[in-house]
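The structures considered in this document are given below.
Note that chain A is present in both complexes that follow, paired respectively with chain B and with chain C.
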Partner chain A sequence: MIGGFTKRLGRELNDLKSNPAVGISVFQADDFRIWLIDIKVMDDNPIYVGKKFRLQFRFAPTYPIEAPEVQFVASYGIEIPMHPHIYSNGHICLDVLGSGWSPVQTVASVSMSIQSMLAGNDRNERPPDDARYVAHAPISPKNTRFVYHDDSV
Partner chain B sequence: MHPSESELHKEAGNVLFSHEDYEGAIKEYTKAIIKDSSNPVYFTNRALCRLRIHKNEEALDDCDKALELSKDNMKANFLRAQALLALDRPNEALRSSKIAYELALQTRSPSSQAIAQTVLNAKKRRWEVQEERRLERESALLNEMLDILESNYARKIEAALNEDFAVEHEKQENKEILEYERDEKMKFLKKTFERSDARYQKREVPDWLIDPISFNIFYDPVMSKSGQSFERSVLLEHLKNHSFDPFTRENLTEADLRPNLGLKAACEQFLEENGWAVDY
Partner chain C sequence: MSDASDDYDDDYGPGSDDGFGYESYEGSDYGDDGNDGFDDVKPESMKLKPYEVAYEVLSVGDIQRQQDKLIEQVASILGLSNQNAMSLLLFFKWNNDRLLEQYTEDPEGVLKKAGISIDDNEEFLYELKPVPGFFCDICCEDRKGLLTFALECGHRYCADCYRQYTTQKIVDEGESRNLTCAADCPVVMNDKSIQKIVEPAVYERYKTLLHRTFVLDNEHLIWCPAPNCEYAVKCDDVSAKDLTSVVPTVTCKCNHKFCFGCGLPDHQPSICALVSKWIKKCEDDSETANWISAHTKECPKCRATIEKNGGCNHMTCRKCKYEFCWICIGNWSEHGTSWYNCSRYDEKSGVDARDSQAKSRASLERYLHYYNRYANHEQSAKLDKDIFVRTEKKMTQLQSTSGMSWIEVQYLAQASAALQECRQTLKWTYAFAFYLERNNDTHIFEDNQQDLELAVENLSSLFGKPIQELAEIKVQVMDRTAYCNRRRENLLSDTAKGLAEGRWKYQVQIK
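So, the complex of A and B:
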């Protein structure tokens, strides 16, 4: 890792554990490369009610100067949330994960952005180009140049 | 042009260094120095090897020689600070690391972030030494006060037992009262000292002393146009590939930055009393 960023993830982890936001919890963070964060949508949105979803964060040595790689992952009993900006392979089209990233963002703030993106959604569907995207998607969502869909959804 | 003999030894040393053969690399750099003792790089390279194998005195010696050859040598000052820190001489380490930091900024060296961390580490160590001394003095003072209390009451008890006009059971009763009084006062004294210690143990750094990108306490904060402060070397890392204010996303370049001297002074003062905050 370059310079003094080694401490940052350690401190983020402490904060996430000691002072967690409602509906956001650390499922796994054994090293500073990959973390799994569980999120729940706190209001009674019928699309997500009673469900838990799992976000995977991958950190490059350049984090937080560069954005982490963030996507949903499926697991036993855990599915990829339905959303017009979330592809069925877990990739998320959200500007804060790409061109909208800023180094003052944190794992917690990104998780909360995604949580509120789900909370505000009322369309139980995938992006219109889901089949095509998933068939050709790069392994890392960071290698996708998403055209950000309109922000109204 | 053929490389000189000393350069060939240096190259050989660099190869050994990259294979973590520090003893071998030191031998090569020494040969380079024998051939040409005017090149500070041979000394700083050898100093780095010596640091790696904890030959700190010798590393320090190499840094001093490199500095004799070139006074404004950033690397020599930085390595010197590391050697001094390893030798537990934090005050001198602080001085050298501050010089190195200024030189690194001037030359836009990528080491500036690591040097800023060394400055903070030196401050932390300096605080630790003071803290140890304070604790020693405090416990010595407490013990002395306890002794005084004890001998004071020993005298009072002695006097009570020798009271001419008292009967025996009254003497015993007075003695017990005095002993009780003495024990209560000793307990109270210890508690008072403990309470003052608890004040020192409140270990929280206010958010406004923390760089929002690295989450470290500030050493050299700069302010952007939006009034937000960032650690200089960290923000410069961001501005290498981006040109926006991390908070407002407004256009931002290095020329827009201003040092935040008030915040710098506040951090310095905070660290004077809370050196632990470096590892917070």
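So, the complex of A and C:
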């Protein structure tokens, strides 16, 4: 652990580029502060078929001791995926990003968790409290104390 | 051992007011067992009054000892190492009953759930050591000689990463009881492993957090709520389900007197459930009620503005010398000796209220009646205290000239303390009475309340006298102080017995 954790992020980036998981690709990673990762849902789930989504990872100097800040971002032709645990501002309610984080998780493992969370979903809808949450949400999803939704949805 | 002495005790038990300690009448036991026969003899003054509970004030050191004792107890019952017993206790939030129950049912399952590997019965050492060919999955470092660290599960990372991980959990997240392995793994970090890996200051922080959970998780322990106080109070006989039949009041070593059940300042004789209802009601209705507690009122005769500057309800207008009652603004002389009737809200005349306004208005008035008296005592207690502080200052100044010694002015301190305590009690009698159903028992309660009111006002009126006079009426002040304390004891004893017997009926549902 010399000079922060740049070595770890360098290695992760290397792995993501040289040995990418199916449907997960690096869109932008110019520094060790913000990365943009594109994901596709590989099976033919009608909610997401043919679509691409973009995750933004923000790393604090304490990453990976502390979890990265992860959310979906919209861009030209890229929308926030519909999901009962994903708010329309891109915030995701997933325990791995908060209390379930451990330093052995990686950008790749988090991306895959989110990918499978989408794959397993059959409800084309937002969380029931979406409007209220988005109106009052903190800028960083890490400042939200999520009560994690039931994973069996 | 004859039973006669036991029967005797029943007749003159804790309920007797005589204070002569009949319990020491154990003639037949005397010398029987070669003992001096006085082991169990306690003077009456040491026995608990009906409204008192047994408790113990614990320092941080005491809490540590209790924690250690519990760990050793569990270790010896289950035949585990202290380390593993502690991990189990942490997993079960210090609830050893639940732990023992579940462990006897399914030991392997419980150990697995708590993330404890029992294989290594010898003490696990948590060594910081280099491992050949090691690669740290957290920071991706693989230097030669890199120190590494792992728990029983063997998930090994470099010592720096493990230290930073553990420190972040303790310092930033305030975690202590549920601090697990750095990998996605349920193995719990115990006291020993944490001490090995973090800086001493962080370890101290961990111990503090652990003490905190030990107290918070234990229903028989509570932290003293006074700011900066580090004591906890232990009360073994009181559980949450008892809070409708006792008002467990404790005094910390820092002198703060509070309720063990809810942590609020002393609220005897009212039970916790009614106290929280009352506070909520006062918050909701504060706007309507605020004017009542205002410090100033007009003289009913000459309209001069009068500020209440002492705790006594007997007001004399400075301008026209008209004497009246602060509570009801009625003429003081017409109150006669039964002036304290104004502490009793006349339910009957309330019902027969001439202007048969809406019921809501009557209920608001009923509430304001009680709130007014409740707030009045709160305010009067403050004013009494101010008077005492001023008097104390003057006394100190006068000591040299009057020849009065510090000891001699202590009767004023005692009087002041009695006033504070009695007003605190009176205050809550009004919240209690507000919720009481009207029946014969309620009348007895209100009679006790009025007796205490009278005693308090009598003492308080002496208190406002000029300092020269105060020295002359020392005996009177002392008598009235003692009387106040006795009235308070009577009221609290009777209410507490009523609670224990389930004698009180409330107008609201309590749970």
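List of remarks:
In the analysis below, the second predicted complex is superposed on the first by the 149 of 153 C-alpha atoms of A that agree within 3 Å, B and C clash if a C-alpha of one lies under 4 Å from a C-alpha of the other, contacts with A are read in each partner's own complex, and residues count from 1 in each chain.
The working rule: a contact is a pair of C-beta atoms (placed from the backbone, for glycine too) under 8 Å apart; a residue touches a chain by one contact, two chains touch by 3 or more.
Given the structure is predicted, the values throughout are model-derived calculations rather than measurements.
Looking at the shared chain after the overlay, A:69 reaches neither chain B nor chain C. In the superposition on chain A, contact is made by A:102 with both chain B and chain C.
In the superposition on chain A, A:8 makes contact with both chain B and chain C. Within chain A, the residues touched by chain B in the first complex and by chain C in the second are 2, 5, 7-8, 11, 64-65, 102-104. On chain C, the positions that touch chain A within their shared complex are 136-141, 155, 157-158, 160-161, 164-165, 168, 172, 182-184.
Those residues of chain A lying in contact with chain B across their complex are 2-5, 7-8, 11-12, 64-65, 102-104.
Contact residues on chain A toward chain C in their complex (touch as defined above): 1-2, 5, 7-8, 10-11, 62, 64-66, 102-105.
The residues of chain B lying in touch with chain A in their complex are 110, 113-114, 116-117, 212-216, 233-234, 237-238, 241, 244, 246-247, 249.
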